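Okay, so chain A shows up in both of these, paired with chain B first and chain C after.
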Partner chain A sequence: MLRRFAISCLLATLALPAAARTRPHYGGTVRVKIEGDPWQRPDGLPRRLIFDGLTTLDRDGTVRPALAVEWESESGDRRWQFRLRPGVHFHDGSPLTAVAVVASLAASCAANCPWNAVHAVGPSIVITGDSPMPNLPSLLAGGQFLISLVLTADGKTANGAIGTGPFQLTGFNNGVLTLAANENCWQGRPFADAVEIRVHRLVHDQWLDLGVGRADVVEVPAEQLRQAQEQRLTVAESSPATLLALQIADSGALANPTLRAAIALAVDRGALFNVIFQKQGEVTASLLPQALTGYSFLFAADRDLNKAHQMRGGLATPPLTLSADQGGAMQLAAQRIALNLREAGFNVQVVGTGTQHSDLMLRKLPLEGGEPAAALEALLRSAGQTPPVVEQTSAALFKAEREFLDQKTLIPLLYLPRAYSSSGRVRDLQLFPDGTPDLAGVSLEDAP
Partner chain B sequence: MAMTLIRLLISPETKIHRWRSYLPVGLICLLAASTATAQAPAQWEQPVVTLTEEIVGILGPGQARLTIRNVSSVPTDEIPAIRHRLEDDLKARGVVVSGAESANLIRVTLSERAAEGLWVAEVVEGNQTQVVMVSVPLKRPQQTQASAGLMLRRQVIFVSHAPVLAALETPGGLVAIEPEQIVIYVHTADEWREQKRISIGQKRPLPRDPRAIAFTTANGQGFESFLAGLQCTGTYTIADTESGWTVHCKESDDPWTIAPGTEVQPTTSTQEDVIVYPIKAFYNASRNYFTGVLVPSLGVDLPPFYSTAFLPRPGGGTALLTNGIDGKVQLVENGALKPVAGTRDWGSDFATLTSGCGAGTQIIASGSGEAAIDSLRAYALPALEAVPASPPLAVDGTVTALWTPPDGKSVIAVVRTIANEYEVDRVTALCN
Partner chain C sequence: MSLRQRLLLLFSLTVAAAVAAVAWTVLVRIRYVFEQRDQEETTLFVSQFQREFQHRSAEVATAVDHLSASERARGMAFEIVQSGDASPYLTEAQTMAQDVQLDFLEIVGPDGNVVSSAQWPARFGYPEPAAADPAQAPFLKREDLPDGSSSLGLFVVREVHGAEPAVRLVGGERLDQTFLADLPVAPGMQVGLYSDSNATPNQSSPPDASTNITTAFDPKRLVGPSGDVPGAARYQKLIEEARKSGQQTNGILYLTDRREDSVNASAIPLKNQAGNVLAVLTVAISRSGMVEAQQHIRAIAYGVAAAGILLAIAFSLWIAARVSRPIEQLAHAAEEVAGGNWDVHVPEHGRDEVSVLARSFNHMTKQLTSQRERLVQSERVAAWRELARRLAHELKNPLFPLQLTVENLVRARELSEEEFDEVFREGTATLGTEIANLKTIIGRFSDFSKMPKPELERIDAKDMVARAYSLYANAGNHDDAKIRVETETSDEPMPLMADPELLHRALSNLVLNAMDAMPEGGRLTISAHPRGGKVEICVADTGTGITPEECERLFTPYYTTKLHGTGLGLAIVQSVVADHAGTIAVESRVGGGTAFIITLPRAES
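Take a look at the complex of A and B:
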């Protein structure tokens, strides 16, 4: 697993120095093709181009200032104050104010926020909680908490796509989102003049477009990375960015934890890795990847069908339903898991994508980077779980992970990278820690 | 050596044990073992001692099997020494490493995560497994460069997490120009200590590929720096402020001083005297290049360029070398603009180095991006074709700035490393 991660890192680092050695040119339009919903939270592709967070994570996971320039905590991390960067404006020209940030944060998480209250105090925002929030600066770098304009200057509800980021939305026609460079971006104007994102384009068609020069950046799903390498595509691949996990309802037919443990033992991660995902990513039985914690190997990932049978014993379960998140290989993976579980004596039916209230859900959970404790909290929140407060030590993290996993409500299966392929005219394509492409840093070889 | 100690019982149920001090025993063992395993790399000794203490704290005296697995960047040839040291330490504390007959097992995994090593010992007694962990600082390997012809050497002067656009060495100190701040450092006992941090007061955003230059003022008592749309001056007065430095910045579209005092060859045949000027160049503050307009004019229209350097010519006089944003390297010589060949492997940045080798002065150019690893390489320019004068000197990331300090005997490079740190390197040459 470490070797695989090292290869991923190598690919990412090769992309890093290979591009920025000669200075980038300004101008031109980057043409991007994607298959899914561009606005999908938290990691829809245009989101990080249009919006900024209060904080950001650099490539080694360190929290850096973004729209907030400094922050401090009090009362045992129960009260945080973030001072906003002065002179920043939204794309419509209105200034970034603490009131606007408060409105955006309040809209971002509704009832499932890590805090109890957020309010504006002069040029700062103050976030308070009943429990300690040691990871708050890191959490605020996540895609869920990017700052958008909620109310315009005349009090009307904004269209939800006005941010402070390097590109601003200028139109959506015939399935193409068009973004223009934000000349006044606080991080500096992006190199490209514009980005065009064609949505709902099948990956196969994206690759054809790339081949005939009609696309500059296209998606490479993890299960097709090998194929992309065989076709000698230029690929930028992230380190593990998505956790494929089986979420098990702890009520109804699977209220018995022994049954859930039997399900966990029956899943064949190796088959998912080898067959469905074509040996990409890494097999895992832990929530956080080995490269982040160093102790992932302590969680056994082997299938044990005999033990699964023993644990299920004679317990009869009604037919179980299994649904899967959207995505190329997810349905195939769900079918495979259903087969595994039938071998352990469970009666499982795969149901359609988006089915609510299924007993089992195959989920793709984003790993947004940061310190391990922050990454664990963000991951559990994205799974709809209440994360424990964890000290910033390997021991505390390991204990928290083990205690959570012992509940057998979320079974980690694979860590998958995100990857994009680029045309020869694209320089400096790098990926954010969540695996989305940083198109603001991209320049075009043939730009004027 | 900072370490984190962890003890966990993971089977059949999880509980945390209290950390107990074994310091006296540890010291004795450390002294004993330091003579027994002198060949073990010193950096592993303390982690081994600490891990041993933890293992013994769980197992107590007795026998146990020991396995070691390495999934980290610890070199394989160092594993036997680590094992030997572990066995010795365990034995000194009453745990004898035995063969397969023992029911107890110590399973040590040398692991690591992004920032540090993590050594994990699983202590198996019957059906119960307890885990201890020790955080281990990782040592970055030093890079060396093979010699062939003129050899470049690189010495890291300074490392920063923040972007460094330019830097200037001062007596006993260093001035780092960052995108939003100027930071004054003093050198104390093998480390840089931040002495003063001054906000530049940037009113408008810097471009995405920000650049800056800095140079010592003529009286040697200060510095001048240019950033996009800004000009800063720093003066050093012993009796002045706490640090002695006073820095002022102002918005400015004035041309940047690219050569504080340069002898310029006449551009027309009617001029006979060599002119000494500070050469300035207008910078496009919303982009990352110079416009091509010089003050004073050299008598030719230059295209927009990324870099320039003044270069002594074999026949006498000085010529200006420019690297256009179109990738063409050209020489301004005798009032004419002449293309330079042999620069296909050059990046956008270069500077001159007065090495005393060969013709005396070489051009140090960054790599073009064709190779996987960025590099610096010396070139001679006897005519209008650049000739490699040294093997490439690999750097740990991307060269983001390159300039010649006042004495001309070295070149200063800023390298953004793979770890996203900014290294300020001094590059010198050895003649062969």
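Take a look at the complex of A and C:
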């Protein structure tokens, strides 16, 4: 008996460190490397670490309270009232007030807003619109509408990025953005003490840094996911978070919708999917993915060059310009699309990133979760389009999407995931529904 | 043109022509020599270009051979053949090209489609016809690039070792200004490479740069080792000719308006294996050295010509002193002789032809002078004889009645007193009459010898005509014959600077002559008309007329066709007209009347 007890005690003693290793540790600095602009809206990586939304989406896309604890709608979803969470403070110590939220929302939505007016009513904010806004709680969970401190208590413009999130901005030196844990975060303190984000670092260099232990979290573009897997990197991959789409100007040389339809038919999605994006994501001709709506397969994604020729009908078009968002794969995809269109008889020249008023734009649009109707509205708003008011039924959604796509101003091409690779010292790296890493939930293996 | 001027001109032209001929010959020779040299340099450069071309071809071939034998390429080819999935190797060509420093590299799968392209990554999946024949020698190809431009390259095709079916590599190096910069270029030589553009994308087929698409000339596509070629637009004709003919074309190009900036240019077409011209290599050798030498020689020629012309002037002056001056003196003397001065003498020097001519001339003038003196003397004698004959004739007529009268008077002394008185009265009357005749005759001769100097005043010819008409309008009316006097004058003024009395006297003589010529009556017309800057006064009759021979002698003094004329009337008329700087002419035919035409200068207004 004593012997058995002694053995049990010995086993328990040996098991304790193992159990201790499975618990997240507080402390340490998470080193992140990214290639692009950290503040890029709506899905810049530090934005969700510093700012919170009035609402948030959980993993399955359900809208959950965040800075707003409850909300209700009136007048057929034309008037919404959100009651703010009490006791929340910005990083500078100032309380989260309805006035601050109103200022933030006004600043973040200069044009193409879902609402007409927003104002504070006591501890609540009231948002009103001319047309129904059934998806407003879901939209407010998007990265576009995260709440930041715009005006300080004395009415002055706030310096820096000040939010209510788990991390607060402490500095930006030599290309490194430094965030410190927000000890008083309403969600609770994050595990890591700090996050260092080195910006404008090439992906190749990020991977080298990861390999030699100088980075903890690095980007894995969709087109390099297969390579990352081959190199046995630890990768956290989101569900489709980005829609690769070709936006066509409906004016000028392409005012004729038949020409736009010919362009849509001439694009070879298979080449983009199979080769450039290395079979990551999925080919689509619809705005919302199959998993979200169930009807995506009804939209034909096949290339039909002969029909494209027929639809063009020998119409001569002036040289067209095609621009693409930043990124090597995006430029390559743009070149490929230009080649496709050249086969269909269009003279397309790829122009540099940032070129204004190009005839065609290859864009990556954020695909946020939530209800399908809300996702569609968010997607169209991010594309600069005015979304239709859609009933919350699949048939209505399908009809609305079909009608919009028939205009041939936005041609969906691929859904792409977002992915990040982490080093061995990082534990529990999860991604938000928009594909950004949730570093607040990350802990470090070697933290004290 | 004087002899001196002719000599000067002749010498100058001779010198200038000689200098021009020499200069032209030298210039042509220089040009030939320079062109020969340029041709040799061009040929040398072309051979160097070909050697460099071969060297680069070998480099490209080595690089692509190295790649095709590498473990990496073989592994890739194996995977592509085994799995049929070439997508993982999308960027492989870029990596490989960087490793071996190739500008162009395409991996072409077993199906002939591009797996990976270093120069145009988006071109995967499209066929690459150039990869069809891996055994071919290095070749030129124009490669389309993503930005719509194209670039000329030197390409090699190789199969990746060990893969079946074959995976091929199409590698190449750009043939551009960097390539030109590596070529040894002689001083003064400028090389350029013009490559055609496929800027207009092929609208209906996948990109393929193997075809020869001749586009319009674009000066910007002519590049030299350091970028733009100066005066690239001037190469257009030469390059287009080379592109069209496929043969080397030579010519002189003027890069600016200055001759020094001209070049001897050659355009050498560069072709692919199908014989299509893909690019044109230009070699231009400056002609500034030749032009400067030509200008130097031309300046020397001008100097020599100028000096020659100065020498010609000096020589012509010397020749003039020796040759042309005696001739000029002779010519001057001849002019003097022609002018009536026969008393001239030219110097006689030496024994040459000019001296003989001078002696002959002097002898001739001496002979002329002596003959003239003899002629004058004989004419003077003849005139005196004629004068004596006239005087004798004129005086004889009245003297004969005088003699008879005196003899009658002498015989009448024997008659009665009454009869004597009768005879005496008749005799004295006859004596008076004949003495008066003698006075008249003597007066006419006296008048001719004492022609007064005209006193000029401004008169109108119409007035002179009117005065003559008023005097003689009725003078011709006899019982047996009637002469009708008429006048014809112009309405416009006909001013004359003349002595009215002398002119009236001349007109009167002509009118009286005309009346004498119409014994049977007729019409006498006195007219005056302006004739340009002159005034023409005409006295015409319808009388018997005179013969041409008589017309020639009509104005000779003492010549008359009338029975009792002195022959001084028309001589006086001619004298008066001559004193007024006028002329007198006669027009007549026998039986058709005679017209005397006096032409006088019109007075200035």
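The working rule: the second predicted complex is superposed on the first by the 425 of 448 C-alpha atoms of A that agree within 3 Å, B and C clash if a C-alpha of one lies under 4 Å from a C-alpha of the other, contacts with A are read in each partner's own complex, and residues count from 1 in each chain.
The rule is short, and it goes like this: contacts are C-beta pairs under 8 Å (C-beta built on N, C-alpha and C of every residue); 3 or more make two chains touch, one makes a residue touch a chain.
All figures in this text were calculated on a predicted structure; none of them were measured in a lab.
Undergrad: Considering only touches as defined above, state whether A:Asn274 meets chain B (first), chain C (second), both or neither.
TA: A:Asn274 sits against chain C, while chain B stays out of touch.
Undergrad: Residues of chain A touched by chain B versus by chain C: which partner has the larger set?
TA: On the superposition, B touches more of the residues of chain A.
Undergrad: Touching A:Gly441, do we find chain B (first), chain C (second), both, or neither?
TA: first
Undergrad: Quick check on the superposed pair: does A:Pro24 touch chain B, chain C, both, or neither? Answer first, second, both or neither.
TA: In the superposed model, A:Pro24 contacts chain B only, not chain C.
Undergrad: Identify the partner contact of A:Thr284: answer first if only chain B is touched, second if only chain C is, both if each is, neither if none is.
TA: So A:Thr284 meets neither chain B nor chain C here.
Undergrad: Which partner does A:Asn347 contact after superposing on A: first (chain B), second (chain C), both, neither?
TA: second
Undergrad: Once chain A of both complexes is superposed, is A:Cys185 in touch with chain B (first), chain C (second), both, or neither?
TA: The first partner, chain B, only.
Undergrad: Regarding the shared-chain residue A:Ala338, is it in contact with chain B (first), chain C (second), both, or neither?
TA: In the superposition, A:Ala338 touches chain C alone.
Undergrad: Considering the complex alone, what residue numbers of chain B touch chain A?
TA: These residues of chain B touch chain A: 4-8, 10, 14, 16, 71-72, 109, 111-118, 120, 122, 131, 133, 135, 161, 203-210, 286-289, 306, 325, 327, 347-349, 366-369, 372-374, 397-400, 416, 418-420.
Undergrad: If you look only at chain C, which of its residues touch chain A in the complex?
TA: The contact residues of chain C facing chain A are 86-88, 90, 120-126, 146-148, 200-207.
Undergrad: Where on chain A does chain B make contact in their complex?
TA: Those in contact with chain B are residues 1-2, 13-14, 16-26, 58-62, 87, 166, 183-191, 290-295, 297-298, 372, 393-395, 398-399, 402-403, 406, 427, 440-441.
Undergrad: Taking the touch rule as given, give the residues of chain A at its contact with chain C in the complex, in rising order.
TA: 226-227, 271, 274-276, 278-279, 332-333, 335-336, 338-339, 342-343, 345, 347, 349-350
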